[in-house]
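What follows is a single structure, written as structure tokens, with notes after it.
Letters are used for the chains, namely A, B, C and D, taken in the order the chains are written, and counting of residues starts over at 1 for each.
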Amino acid sequence: MSHSNTGRVLITCPDRPGVIATVSKYLYDHNANITKLDQYSTDPNQGTLFARFEFELEQLTERLPELQEGFQTTAQQFSMEWKMVSADRRQRLAIFVSKEDHCLQDLLIRWRTGELNADIAMVISNHPDMRPIAESFDIPYHHVPVSKDTRLEAEEKHLELMEGKVDTVVLARYMQIMPSRIIERYKNRMINIHHSFLPAFIGSKPYQQAFDRGVKLIGGTAHYVTEELDEGPIIEQDVYRVDHRFQVADLKRIGRDLERVVLARAIRWHLNDQIFLNGHKTVILS
Amino acid sequence: MSHSNTGRVLITCPDRPGVIATVSKYLYDHNANITKLDQYSTDPNQGTLFARFEFELEQLTERLPELQEGFQTTAQQFSMEWKMVSADRRQRLAIFVSKEDHCLQDLLIRWRTGELNADIAMVISNHPDMRPIAESFDIPYHHVPVSKDTRLEAEEKHLELMEGKVDTVVLARYMQIMPSRIIERYKNRMINIHHSFLPAFIGSKPYQQAFDRGVKLIGGTAHYVTEELDEGPIIEQDVYRVDHRFQVADLKRIGRDLERVVLARAIRWHLNDQIFLNGHKTVILS
Amino acid sequence: MSHSNTGRVLITCPDRPGVIATVSKYLYDHNANITKLDQYSTDPNQGTLFARFEFELEQLTERLPELQEGFQTTAQQFSMEWKMVSADRRQRLAIFVSKEDHCLQDLLIRWRTGELNADIAMVISNHPDMRPIAESFDIPYHHVPVSKDTRLEAEEKHLELMEGKVDTVVLARYMQIMPSRIIERYKNRMINIHHSFLPAFIGSKPYQQAFDRGVKLIGGTAHYVTEELDEGPIIEQDVYRVDHRFQVADLKRIGRDLERVVLARAIRWHLNDQIFLNGHKTVILS
Amino acid sequence: MSHSNTGRVLITCPDRPGVIATVSKYLYDHNANITKLDQYSTDPNQGTLFARFEFELEQLTERLPELQEGFQTTAQQFSMEWKMVSADRRQRLAIFVSKEDHCLQDLLIRWRTGELNADIAMVISNHPDMRPIAESFDIPYHHVPVSKDTRLEAEEKHLELMEGKVDTVVLARYMQIMPSRIIERYKNRMINIHHSFLPAFIGSKPYQQAFDRGVKLIGGTAHYVTEELDEGPIIEQDVYRVDHRFQVADLKRIGRDLERVVLARAIRWHLNDQIFLNGHKTVILS
């Protein structure tokens, strides 16, 4: 399905009467047919409005710059943060991975079957192990070792590799802490996946802790990366039911299955411009 | 929470540019602040648009008639089916029940704790059994026996009991077929709950059939009642995981739990004016 | 369904060869027909074995004392903790409640419809509010106020009320901390229900915290009560999916629905002697 | 984890007192330590008993033939269908596929990461499309076209390719009807995956039908293949929640994700000897 004439307007602004009407009218006046509109307001009176418009417009590619240009007056009037994009632009992903390959493999397959509206620009790892997998999909693989002594060097290398080539970063079981500079550079464009449990277990060997505590649900959480480890805005979560018969190895296996689908959903929504940030939480519009 | 100044506009019309903009502007021009807007279009070009606006307006009760009156021009312009209502009006429910009490009890309790934005006008049953339950909640109970010979008489009685007193009918495990005349009278205002399975089992003793087939999921479905038995537009469904250890009695017990929550969700959405009909299917807007 | 000839043997012991065989043979030699057997071993060699036998035996009531007596040799041989009981004995419950009635009402209805194989001996509350509800089901209601000054007095009163009349205690949204003495007296016989989230939120207003963090799943956890607040062995958990459109009030409403079903399942398993304690975690046998 | 000393006894027989005791004693007498025992009886008195024992025995490989030999007396005494196997034997799979690759790819990856305790002996397809995928995993790929005229020829070819090389057949979105002869040859050893819905939709374009009907849950079902199309014993099912915003393409995408995990679970249980047939339904023991 080609989206070459499908555009999107993504808006975050103080909520007051007339925002939706004005944007709708702007698109209407430019012969764009709104095909999807989802919005959410945190509070009727003093809150924040999030809105996602999808529209059809003949010759969108040619007319987009002009449409963006003309929108600036409206945007200023309502103090909007906004983006107007073509739905068929392909974001370029960098996938970071360490030694666990389940998320990487899953993403590569989804990419090959056309499920991801993106290009995978590169795979970056602190280990050499995943090279054959990446290369069997003809994806460039960069092995950048990270140790105490080479941390800064690795950071430079990462930034250099991605400079101008990467729109969104996916941490697909990358077991190193991202330095602030990279987090800042890819703010709200870096997605991580990790396990999660009821209750949460801090520290090492979380599956062993979950096993010891006898949890009945295993979970996975995808979130944007912020400086607070694993505390960034939650994008998606899911769980699977377990019981006392599940050994630690079973819990890990189920965790892997959850991580695959939860991460894939989060990336999909991100690529479709469906995710908005409301302070520390996400608003997922359709 | 009082909703006395909260209004809703509910719209179904052919989708063409400007609908949302025009309605938004209408509300804006009348000093109504749109606090929620959800819409769905089946097709960009020739499809149907469904939209639900929630708005705040000072002295809504006094101003609603005028607001409705003024909206007619807009509605005609876009060939809308529409409703403009106050969110705090309380619909009056009739609950039909036979011998299984789990849904009735659940609804009565939700009503008593204020979860249902409705009044329960009456409970109607073809059996006398539930009278003490209804009356312990001070709800009028009407025992209307139904047999081959009294079918027509019962139909008359039902219509008479509900005339002018009931907005929405809930079939909370009512094991009689509703006659066409009542279905027609309460079209899209009569909600039924029934079991459902993967795969579906037609005929009698469905739980026994599900047990015999070894299904791994037990389900419940709430739907609007149409003349085709159990085939009306689906409002909500849910499932619960079972295994070979579950006996028929267990499946029934789980089925009851599912029916309770699925029916309660369906009624809640109906009372909140969230359900739109798109031919034979529902659109649930938030 | 009468269970008058159904018995159960519940065993916890060091796992070594022959335990199941010996117990099976014991029952077999006494003409008991094993109808269900579920077992779990934490470790083949040095672990703990948990086993639940259900059997049919003519005139069980009369023969149970003799069957128990005779089993002692076997039990000692394998260093068992064990119980041999009739499946149709009815445990007596005390339900503690504060101001939220959803769990109480749900349990009362399940009890009235025969879903709970138990008698509800009493409802105890630190508030007078639930009296009419309990009394509409003809259940004795004891209002025992708890304040800083009356804490010890209340404790005495609780113990006195339950002495000889209560087998299992259910905390159905009881918002007071149970004193050690009562916890000790009803060890592994006191079940609590509380909310739970991914991730967990410590402190007050957990639903507000969950809302602020934008969680995508709301959960409920039933557990045995220990001295560590909300940290006792988990019996059951469940979750429901939410999104940014859910307000704090919605999360609370969904939390109530979860608490109802999760608590009911936990109590059901407890009454059916299905729950075994493996250190700090539960083993649920069928 | 090596299972070289782990054995399994799998039993189906008429339920009468002493079965479990006798088998346990047999294993005990041969120094085998039972590490897992799960059993299920359809009926206390006249029913069928299913039991799965897992045990540890030094030098199992050498001693298994003797252990099997000696068990025959016990097996005859109780009219058992039975199997005694080593847990670390690797079954050989044939995967049939047509043009949809999601299940094939998923299985290949699970195989490569060691999640499947099996060898993939071959991929067979009525189309040439999947050859590169299979061969990138070094799996033999056989393209066997199937048309009206070549049906019998294809059948012969299939049987010939698998003869002596395949223990279990997986239909991973293979869109041809299996002939009776192959079904019979691989009875209870051939697993299929298909979509499933509440309610079920017969005929072509099921996702379109599900969309037209507005279902709120999309499902997948894995089952053993019998002559009745898609009606064989259900092994596993799962669902995912959808709403009116999901287009047919979305439903298909979600269906693919469900099919992957449901098929993988079914195969895993089959390879672990956890699935028993109770007439037309499965009993999954742990």
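As a working rule, contacts are C-beta pairs under 8 Å (C-beta built on N, C-alpha and C of every residue); 3 or more make two chains touch, one makes a residue touch a chain.
Only a predicted model underlies this, so the values are computations on that prediction, with no experimental measurement involved.
> Would you mind telling me which chain pair, A-B or A-C, is linked by more contacting C-beta pairs?
A-C
> Taking CA centroids for every chain, report which one is farthest away from chain B.
Centre of mass proxy via C-alpha means gives D as farthest from chain B.
> Once you find the CA centre of chain A and the CA centre of chain C, what distance in Å lies between them?
The mean C-alpha positions of chain A and chain C differ by 42 Å.
> How many angstrom lie between the centres of chain A and chain B, each centre taken as the mean Cα position?
About 37 Å separates the centre of chain A from that of chain B.
> Going by the contact rule already set, what residues in chain A reach two or more other chains?
245 - these are the residues of chain A that touch more than one other chain.
> If you look only at chain B, which of its residues touch chain A in the complex?
Touching chain A: residues 16-18, 20-21, 24-25, 27-28, 31-39, 41, 44-45, 56, 241 of chain B.
> Taking the touch rule as given, give the residues of chain C at its contact with chain B in the complex, in rising order.
Interface residues on the chain C side: 1, 101-102, 105-106, 109, 113, 115, 136, 245, 249, 253, 257, 261, 264, 286.
> In their shared complex, at which residues does chain A touch chain C?
It comes out as residues 40, 196-200, 212-217, 219, 221, 233-234, 236-239, 243-245, 278, 280-284.
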